[in-house]
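Shared between the two complexes below is chain A, which pairs with chain B and chain C, respectively.
What follows is the complex of A and B.
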């Protein structure tokens, strides 16, 4: 085995250990790299910021525990902004584990303590509603038929916020965070295409390239692009959290990955070159 | 300070054990894997039953007998396990497919076709030089990538115009590279959440 091939055959245990170290070091000692707020995040922020006080927002938790490290901070920062603006929020979950994520998110937002918000009047949680696009169409079309009670079993007739909703036009904005491509497209189809409602979406970074055309076409007013979008939101809302800490970790690990890609390429081209020379 | 919460210790154990697979398959990882599958299946069943009660039975009990229709259709799906009457399951499936397509297609045509064509077919000259460059890249990328998928006319791939689909292929490769970079970022951003959990919630090293 040539030196070039040895380089490519670096044991994965070593690679993973280096990556783990690159994650742990900046977590313990953050570099404090500056946050450059992206346009897509800024557009999400401005869309929410432009809503008049008391507007009703439909907020969908479309992710479970797998997406929580990325989209959890997005949800926390986004809800901080909405509560700060005194918007009224109807929260639902189109992901099966979404209702398990709700308490984790609200534990950090603390709407009652931080903003004096009242459950049922300023926000409500409907829980998981099965069916993805069917659920979206039903909730937007006629929430009173689609939902009989909130997550805690309170009949919707006893929830003042839901009494204010008379149809899809009652919603000033649809905001969602999801790890599912079906849910991501579904809200565009159901809320934007059908009812022309402003829609903002947050996704895993790996989903953003395929969903950005909706943003470019004006179907999505703003996008939170994974942990980067969450960090942007935390920065803009002045609620620093896990995402801002994560940017340092990601910068370090991405640099390590880049180095390994360069090493891999050097090894590949080097071994190719040495083979050619050997043939001559 | 190290956490004294049993729940945090269990979560930390499963996080470390799940990570260990990246180094080598082991019995602890398999234990974590099966535990996760069991817990997820249990949760899905509970949520399924809750949904039937909430969105089916509550309506029936409230005097809306039409909700028997989806419940009966749902039960009919299980006929696929019957050796003689398995064909009946095709009807609820056809119903599901029909509803699904009907609900999504209207929005899809508007958002995926009309809006995308309108967003692509815009003037090449923008207000800023960078905007103009973006528009040119979008225009060239869209046209050349589309020509790559013309399979009914061989001349476009082999003739003098063969460079057009070739550019399209390079455009797509660049897009795949971007998508792969985003995938790496997503995976790391998922795992960094667990690192922060271990260092802060479990070990108390960071605050």
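What follows is the complex of A and C.
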């Protein structure tokens, strides 16, 4: 086996070990590499920023433990901005594990301590509502018949924020974060297509290409594109957190992957040309 | 079970519910709106109930595998054990997120496991990119160039240093990818409409099983 062929067939253990090192080093010692805020994230930020104080936002946690490393920081940064703007937030979960994500997110946002927000008046959590698009349609259509009590068992008649909601037009914005294609498209269908409500969505990066047509067509006002979108939000809201730390890991890892792609091609063409020369 | 119960009643229910859903979208008749609201709320209850049925089914499938000492039966045992642990701890140690015990087992077991499952994709993608993204012909050259520009535009430090990478990625997304996906979406949309009409009319009966 020639040197080119050896380089073209590096054992996967070596490749993966180098990728792992590229992850660990910036995690231990962040480089502080710069980031450029993307347009889709800016649009999410500006859409929320343009809402008048006191507007009601429907915020959906559509992810579980698998999506938490990416979408958890998105949720934290997005909620920081909403509480800072004194928006009123109705939080629900269309993902089964969403109810378990809620305390993890709120432990970081700390709305009472940081923004003087009051549960029930400024924000409320409805818990998991089964049925994905059925749940979305039911909550937007008539929240008072779809939900009888909040996550903590308080009847919704006793929750002042929910008394302000008379129909879908009460929501100034629908914001959601999800790892599920069904939920991602569902909100576009149920909130934008049905009621023409402004909608912003956050997804895993691998989902963004399939959902970007909705953004280009104006159905989604903004997108948070994976951990990069979360880092953009943390930067814009001036709440640096896990995502900004993770961008160094992303930069290092993807650079290594790029280097391996280049190595793979150089070695492939090197071995092909050397074979051709050998045949001559 | 008679054919009426297995076949005609479900078809009739589907027809009525489907027509109400369509009418709700296109009309503002209060009676239809009210009826559809009730149906949507039933949908939530039925889906939630299906979760319970799913749990029962898990016991059935994995219980059988344990009893027969089937392949990897200890893992089935572990699955059912953890299912019971989560249910017992969840129901017995306090309400909702007030239970530190439930929060602890979730945060110590489910959260890292779930995160690991997704994160491990990174390694597959790295090895896949190294092995597969090789310029073997003109098609793979286009794939290679697209991949390189998308990765360069997606890696936070490159667009920060050279904004051109960001705009190149944007162009690829907006022009090539969105164009292709738009076509797919329109096709899927038309297909969904046709499927919906066929289901309402009882011509599509796959959801009835073998009825």
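As a convention for this text, the second predicted complex is superposed on the first by the 277 of 280 C-alpha atoms of A that agree within 3 Å, B and C clash if a C-alpha of one lies under 4 Å from a C-alpha of the other, contacts with A are read in each partner's own complex, and residues count from 1 in each chain.
The working rule: a residue touches a chain if its C-beta (ideal position, glycine included) is under 8 Å from a C-beta of that chain, and two chains touch if they have at least 3 such contacts.
Bear in mind the structure is a predicted one, so any value in this text is a computation, not a measurement.
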Chain B versus chain C as contact partner of A:242, first or second or both or neither: first
Touched partner set for A:194, first chain B, second chain C, both or neither: both
Which of chain B and chain C A:16 touches, first, second, both or neither: both
Partner chain in contact with A:149 - chain B first, chain C second, else both or neither: first
First (chain B), second (chain C), both or neither touched by A:250: both
Contacts of A:69 with chain B and chain C, given as first, second, both or neither: both
Which superposed partner A:119 touches (first chain B, second chain C, both, neither): neither
Chain B versus chain C as contact partner of A:33, first or second or both or neither: second
First, second, both or neither for A:219, with chain B first and chain C second: first
Footprint overlap on chain A, comparing chain B with chain C: 12, 16, 20, 23, 66-70, 96-97, 99-100, 129-130, 134, 137, 146, 194, 204-205, 208-210, 213, 216, 228, 250, 253-254, 257
Touch list for chain A against partner chain C, complex: 10, 12, 15-16, 19-20, 23, 33-36, 38-39, 64-70, 96-97, 99-100, 102-104, 129-132, 134-135, 137-138, 141-142, 145-146, 151-153, 179, 194, 204-205, 208-210, 212-213, 216, 228, 231, 247, 250-251, 253-258, 260-261, 263-265, 268-269
Of chain B, residues touching chain A in the complex: 22-24, 43-44, 47-48, 51, 54-55, 58-59, 62, 99-100, 103-104, 106-111, 115-116, 118-119, 175, 178-179, 182-186, 188-196, 199, 205-206
Chain C - residues contacting chain A, complex: 25, 33, 36-38, 40-41, 43-48, 50-51, 95-97, 103, 106-107, 110-115, 117-119, 122-123, 125-127, 129-131, 133-136, 144, 147-148, 151-152, 154-161, 163, 166, 170, 173-174, 177-178, 181-182, 185
Interface residues, chain A side, partner chain B - complex: 12-13, 16, 20, 23-24, 27-28, 66-70, 72, 96-97, 99-100, 128-130, 133-134, 137, 146, 148-149, 185-186, 188-190, 192-194, 204-210, 213-214, 216-219, 226-228, 242, 245-246, 249-250, 253-254, 257
